[in-house]
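Have a look at the structure that comes next, please.
Naming follows writing order (A, B, C, D and E), and every chain is counted from residue 1.
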Amino acid sequence: QPAAPPAPTAVPAKPTEAPKPAASPAASPAASPAASPSPAAAAPAAQGTAAAKPSSMTEVSQVMNWFAQAAHGGLFAALKNGDYERANLKMTNEQGGPQISAIPLVASGKHAFGMMQGDQLLLARQEGIPLVGVFAIFQTNPQGLMFHMSNPVKDFADLNGRKVYVSPTATYWLYLVKKFNLDKAEQLAYNGQLATFLADKTAVFQCYVSSEPPAAKKQGAEVGYLLNADSGYNPYGNIMATTEQMVKEKPELVQAYVTASLAGWKSFADKPEPIISFVKEYNKDYDVELGLVAAEIEKPLLTGKSWDPKMMGLINEQRFKELHDQMREVGVLKQDQDVKKAFDARFIDAAQKA
Amino acid sequence: MGTTTRPATRNGLVEWLWRAAPPVGAFVVFVALWQVVVTLLRVPHYLLPTPSLIVGAWVDRIDILLVALSSTFLSALCGFGLSIVVGMAVALVMSQSKLLERSLYPYAILLQTIPIVAIAPLIVIWVGAGMPAVVIIAFLISLFPIITNTTTGLTSTDHNLVSMFELYNASWWQRMAKLRLPFALPYVMTGLRISSGLAVIGAIVGEFIAGIGGLRGGLGYVIVSAANRLEMAYLFAAALTSSLLGIIIFIGVSLVSARFLRHWHESAIQRDM
Amino acid sequence: MAVVESPQTRTPSTPGPTSAPLILVDRVQKTYANGTVALEDLSFEVYEGQFVSLVGPSGCGKSTLLRVIAGLGPISAGEVLVEGLSPKRARQERADTAFVFQDATLLPWRNVLGNVDLPLELRGQPPRERRGAAMQALETVGLAEVARAYPRELSGGMRMRVSLARALAAHPRLLLMDEPFGSLDEITRQRLNGELLRICALAGWTVVFVTHNVFEAVFLSSRVLVMSRRPGRVVAEVPVELAYPRLPEVRTMPEYSGTVGKVIQLLGEA
Amino acid sequence: MGTTTRPATRNGLVEWLWRAAPPVGAFVVFVALWQVVVTLLRVPHYLLPTPSLIVGAWVDRIDILLVALSSTFLSALCGFGLSIVVGMAVALVMSQSKLLERSLYPYAILLQTIPIVAIAPLIVIWVGAGMPAVVIIAFLISLFPIITNTTTGLTSTDHNLVSMFELYNASWWQRMAKLRLPFALPYVMTGLRISSGLAVIGAIVGEFIAGIGGLRGGLGYVIVSAANRLEMAYLFAAALTSSLLGIIIFIGVSLVSARFLRHWHESAIQRDM
Amino acid sequence: MAVVESPQTRTPSTPGPTSAPLILVDRVQKTYANGTVALEDLSFEVYEGQFVSLVGPSGCGKSTLLRVIAGLGPISAGEVLVEGLSPKRARQERADTAFVFQDATLLPWRNVLGNVDLPLELRGQPPRERRGAAMQALETVGLAEVARAYPRELSGGMRMRVSLARALAAHPRLLLMDEPFGSLDEITRQRLNGELLRICALAGWTVVFVTHNVFEAVFLSSRVLVMSRRPGRVVAEVPVELAYPRLPEVRTMPEYSGTVGKVIQLLGEA
């Protein structure tokens, strides 16, 4: 595992309150659905302070959804800047990959925290996998569909008659098909091979708007994209989740993690350059130039339409409910579920309050 | 001495049951063990579902699975057929001389080891996504064992028999068709056994990376979508269906092989002395 | 030399026909899987120290019979006993049977020496010891100089001699030989006939010997068994009334030619 | 007659050059053709880059590629080694009787055809992501040909030789070690040739599926990240490096094979009559 | 019957030694890849219609020589001509050579009939015709009833007879035979000797015949060539002064035994 090099800028740990013993962990929303996780009602006194942390250095790890990249910037910033260390977390940032799914890795306890899309979180819960989202990285999901400017796609309805390369049964695609009657769009398997896209000027490809379009531009292609979120389907992007058990048994650890991560994200949004170089130490093949471009595109998406540090990481019931209803509508969710169990906003709310 | 040979006049059905019983028994034990171990060890179902869950998923979606199966079956079979033809042709060329063999093998290995994702765009652009690309990928993945085994087989011909054919002035074709190829059959058939499974894998990989959406996307599509939806029981139902497909093609090849070899090859005959 | 002796007196250590036979073949039938009846109602016995030859038409079941005696396959009816045991158990418990097959059956990946010392290796003898025995056997068959050659580099007759050397090196008590000298020239054959007799007398081996050469059969054996065409039975038994040790001059004696003529005649009738 | 045999006393170096020339020549022609065809047909560089572009990319990133190569090489070799050991053991068991063969083959096929994505989470959870998982996947993918070929080989032993061993009361181990296995060697070696390439593919697929990015992520990682950034020349540089790895392991296996078979097997000896 | 004739008169159509020989072997040397010198400075010739036997010690190069005459491999020095051409060209252009190899060399996946009609099939003869010829040849060797059996179901001697039938069915003009009767019983062997002579006389075949059985060599041949041990050379040539056709009674004639004795003596000296 790549050991996090000591952050040169690290300052001695802030004096913090001694952590209070987690006296009433039973207040976990998963355990007691009655407890409203709405921001206002969050943060019971026992664990609701942003400064809560494990009493001694604890080894934890989090797993990303891809090789280290700008979209993980805050998590690497927290590592590099020493935020995790100060929170008594000996953090390992584990990179993901094409076929690595964080869900079983977190569910089985291999990693404490894992990165997934909001809709994946609800799917996991439908399958009885007890995961709980603790903060979201993107308020506006950066997934999109890119196309060649020579064959532009004006809006989603315009996809009819086009070859669209998307991951099989991606929920957003089912939503788009249903909402815009895309029965004449030809769906093909997305395989990560963008050469197909370059070669076929009529093709439409799924993408992260911060990642593939700039790469294609760098290769000389004139591309544009539609942001899926604009269709009305906007699950949280890259939500960080842990297990119900973790929330219940070690809330102070979760709190420490969320607080430190939030600090990382704020720092990254402020000044991405050093972090991008740090990311390259993990992802050796990373293109720093593209990374900086990505960071710039992503910055407003983190908090919606424009960068607002106070919005960073927030999750709420209304967004989940909306997502839930959309997923029900396209039949991906087979029955209603209690979305309140799918997330626990207290930690990020407390962190933001601090 | 004591041992006397069994009467050869056993009832055909009983005989068949006798032959089928051990594999079936092994299967029952296997499934039971799986169910018990997974249940006892509390392996979470999203990691490894129990057989009962898988069967449930299978029954639930039998309609989709059968359509997907037939589509994958077709692609696998076409790819397999192509690799038989091409693989044997290449082996025929390579077996002509050590020199040709040494010169051509590297390209065969190149085709075998080149990651399919690298050439997927080429394939998709040239033959189009969907079934044609899937067939090509199944073909590429299942080609090499046929080349290798057939080449070894064709170069293993008994030297005395070669002399005999030469003596009777057999033409190149006669030598191939009536001597080298039949002699190589045990090798060829072993190659086909390996390739049959690879063709199925190839079809599924093809469906992953060059397939089309929806029902005609085959088992590969079903597997990826089940994985995306975290429906592990369904995923295993599809994955095991693909294995079943592999087993069926394998059995087909084995029957053909037994048919060809039963009169003469050690591996296919039952010696009574 | 020319004194007519009964064969069982040749090795004083062997008790002769009054004791239990070493090999007892009793009304044996052998039917192959394809329905071919190779042996039917075949009976005879061999006593310890005897040298018995089998002659019979091609395809009459001689090789089958030797394999049965060696315990290399099941029979369909009747009984075969070797030292009172089933042939397989006898072979496994005594580890003293050797077989010169009709084909050379050499391991192509071993050189001549490696092939000859195989039986000793399988018995677990130490390498030095078995190399010595193997080289000696090779010298007997006149192949010491090709000890390092591989079977494919040998002529047909040389391969058969390697196979013969392998059986000799094994120092068996029961030696089964299926046309071991069929592909050897007259000179070599006669020399090896002499050698074989010498060794057998020395070691007291019991030999069942299949050959098509009636002269050879008579020269070597105390008894010649004549088999019928398939399904094979023993139709006649010709005792050879010539004393051991038999020197080459035996071939010029009238008893010798007489017995040969008798066997050929029986063969013609079989 | 006319034809006389060549003098055997040719200079070793010249001999070697003579043997190496045709493959090298073929390679030069192949590369030249590739360059010319791609240039003439104006195949866009993002579909199929020219050799010169690939070499350029290779030279540019040689440091990363070499690290990736060594990591993939290690995984492939470990996976290959595992499948040799396990594959031969399984084949040994299966060759004991037709019954065992029929009972066990289905599970071997199941392991061969089950899509790795279905069991990847299991593997990652059990042995951890990174090299252990990659080795396991390389092992799973390269296992089957060894099983199949070795099983056929072990059941093909010449019946007369089996009788001979039985006659001399060879133990089960002796029969395996001194007869069946050597006899099966041509089959085993052919199986190893197939598996060597599959182990490389397996390592790369493993790196796709369960590798870690960054520091020690082998060629699979490089390929994915190159594909993501649309750097096709770089992608091909990595892909061809993996093929090269396959070719190297293949040559290694072939040398071992020639060493074992040269004295006796038709496929390895040069007949002069 | 017992009139001594010179062999070349037996088939009136053959011109005899004054014309060009059918086979000319001139100072041939054959060295195998491993350095073994199998033949050295070997010369002889065979005229059309002759029946020439080769005898010699095991491993002296008889099989090698037959293969050279058949054009199945290169020689290291000297010259071999068949009908004035290189053996390979002669064989390819005339398509009239048959060879009974020392091993049966049957195709295990073909039944007996399929093996016997192989040469005819390779020549492109229509199935019906070649089946007839094959069945006839099988009848000659006494195997018509196992026409549908596979080689593995036959005894060693039966396999050799199948191989013999294959050569007979091919109706060659030049027949090369390498110990074809070595694994046959005396009765079958004598019957087949007679058959072979009958067919050869009828069809005017030229035969080069390797055997270890000196009686057989003398009975069949017009000339017996005696080879030395390896490296093989022709050290003696014994003309057989017995008239064709030779009936079994020839074996009782003094000329016959005399010639046999002479050959055996030469063999012993070789």
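Here, a residue touches a chain if its C-beta (ideal position, glycine included) is under 8 Å from a C-beta of that chain, and two chains touch if they have at least 3 such contacts.
Not measured: the values here are computed from a predicted model.
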{"item": "Lowest number of touching-chain links that must be crossed from chain A to chain C", "value": "2"}
{"item": "Any chain in contact with chain A as well as chain D", "value": "B"}
{"item": "Chain of greatest Cα-centre distance to chain E", "value": "A"}
{"item": "Most distant chain from chain C, judged by the mean position of its C-alpha atoms", "value": "A"}
{"item": "Busiest interface, counted in C-beta pairs", "value": "B-D"}
{"item": "Approximate Å spacing (C-alpha centroids) for the pair chain C, chain D", "value": "49"}
{"item": "Euclidean distance of C-alpha centroids - chain B vs chain D, Å", "value": "18"}
{"item": "Chain centre separation in whole Å, for chain B relative to chain A (CA means)", "value": "41"}
{"item": "Per-residue overlap in chain B, given as positions that touch at least 2 other chains", "value": "46-47, 117, 121, 125, 158, 208, 220, 224, 227, 265"}
{"item": "Numbers and ranges of chain A residues touching at least 2 other chains", "value": "101, 104, 108, 192-193, 195, 199"}
{"item": "Per-residue overlap in chain C, given as positions that touch at least 2 other chains", "value": "32, 67, 72, 103"}
{"item": "Chains that touch, pairwise", "value": "A-B, A-D, B-C, B-D, B-E, C-D, C-E, D-E"}
{"item": "In the complex with chain D, residue positions of chain B that touch it", "value": "19, 22-23, 25-27, 30, 46-48, 99, 102-107, 109-110, 112-115, 117-119, 121-122, 125, 144-145, 148-149, 152, 155-159, 186-187, 189-190, 193-194, 197-198, 200-201, 204-205, 208, 220, 223-224, 227, 235-236, 239-240, 242-243, 245-247, 250, 265-267, 271"}
{"item": "For the chain D and chain A complex, residues of the former touching the latter", "value": "44, 46-47, 64, 67, 117, 120-121, 124-125, 128-129, 207-215, 217, 221-222, 224-232"}
{"item": "Sites on chain C touched by chain B in the complex", "value": "30-33, 64, 67-68, 71-80, 86-88"}
{"item": "Residues of chain A that touch chain D when the two form their complex", "value": "2, 66-68, 94-101, 104-105, 108, 110, 192-195, 198-199, 211-212, 215-216, 218-219, 281-287, 290"}
{"item": "Chain D - residues contacting chain E, complex", "value": "1-5, 8, 270, 272-273"}
